[in-house]
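Quick one: structure below, then a few questions.
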């Protein structure tokens, strides 16, 4: 009886810890990418993880490409202009050693002329994650701009639609 | 002694699970409503749950009215134009089998002329939830536009003000 | 054996509870400050906690100064105009009885002329918290405007950069 209660507690607690750990992975992305910490961004992904950040553009694959994106001239220009990759807390579904996280990303830019910020992009996001020896890591992340394109809605519908 | 420790652990873990489950209900709303998954939106509410989304407008009551709102021409027009119902992670207070969640909702619209997004509405939100046989469900949700109207502040003050 | 499993469960559950409690402190700030609940805002801080909300401006120190800020004419003008201090769910690192939480704050203002909202400020945030007899409280919060100033990026890099 005690044994069974301990087993159940350990199982339930592990699920809670998984949900929180996955949430932390997603919430770490913005502060890392907006501070230009290239390796720390890449380290959120699995070794061969990929990031499809725009329809029609080849996804980034592997940590080297991810870190290179952060170090690239276009990304550094974003940082110098003033930008914020704001991610909402994700809806999380854990299934054993894999999980799907769903959230919004909102890219804000500072506009010197006005002294205020503009919302440059709002996208639906799907994160596929896996439990690794080092904790939960991103296997694949896909964004779609919520500009009326049905693809952005389909991304959401496929994760939390039922 | 072991018995008491197990009892305490089960009680504490249940509270943690409740907090996370309620947070997931709130975070599921945006992706479901922005992908037009009408029944999935309605399923977040209790059978006779209600949603008072605007002062002076009759609240939606019951899952049929909630799903009909998602399927309505005005909501479909929002989707086709490009919109995002961004909800912040809620502050949650659990009290046995009921709970109150407090958060912001920010409605973003894509503006084709500019290629960027506008923040059309920012509202205070109060969600009253209940534990049901199928998990936590929304009994009542109320929004108030944060446009200076004291009602929006009172909604917040009534939930987290003390 | 049972004893060891109970010990491990209690230790792990406490860490989960700490993460959630700290998240709740951060998520309570917005609704409290936007509803003008001055003492409730101040109560999130430790007795002698401080809030450095702008570079070059002396930080608020202690609960009296924090509550006075909420009651001040400038803050009340914000509330009457319509504003929302939107905070994202924080990344949280707990280390025994202290913790660091990292998030974004986005200040939205209602603009009567247009009927929509503007994003007036987007800042990086670092919260240092401590476990007290009354639960987790803020020892120090620092914001930096993400307008291209390297200080805002350094604030983030110092908390989640590695």
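Read from first to last, the chains carry the letters A, B and C; within each, the first residue is number 1.
Criterion: a contact is a pair of C-beta atoms (placed from the backbone, for glycine too) under 8 Å apart; a residue touches a chain by one contact, two chains touch by 3 or more.
This structure is a prediction, so every number in the text was calculated from the model and none was measured.
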**OP:** Quick one: compare the interface residues of subunit B with those of subunit C and tell me same or different, with half as the dividing line.
**Re:** different
Original post:
Once subunit A is fitted to subunit B on CA atoms, what angle does the rotation have, in steps of 5 degrees?
Top reply: 120
**OP:** Let me have the rounded angstrom distance from the C-alpha centre of subunit B over to the C-alpha centre of subunit C, please.
**Re:** 22
Original post:
Counting only residues that touch at least 2 other chains, which ones in subunit A make the list?
Top reply: 2, 6, 9, 13, 16, 20, 88-89, 118-119
Original post:
Within the complex, which stretch of subunit B touches subunit C?
Top reply: 2, 5-6, 9, 12-13, 16, 19-20, 88-92, 102-104, 106, 118-122, 124, 145-149, 152-157, 159-162
Original post:
What residues on subunit A touch subunit C, complex-wise?
Top reply: 2-3, 6, 9-10, 13, 16-17, 20, 23-24, 27-28, 30-32, 34-37, 40, 79-84, 86-89, 108, 110, 112, 116-119
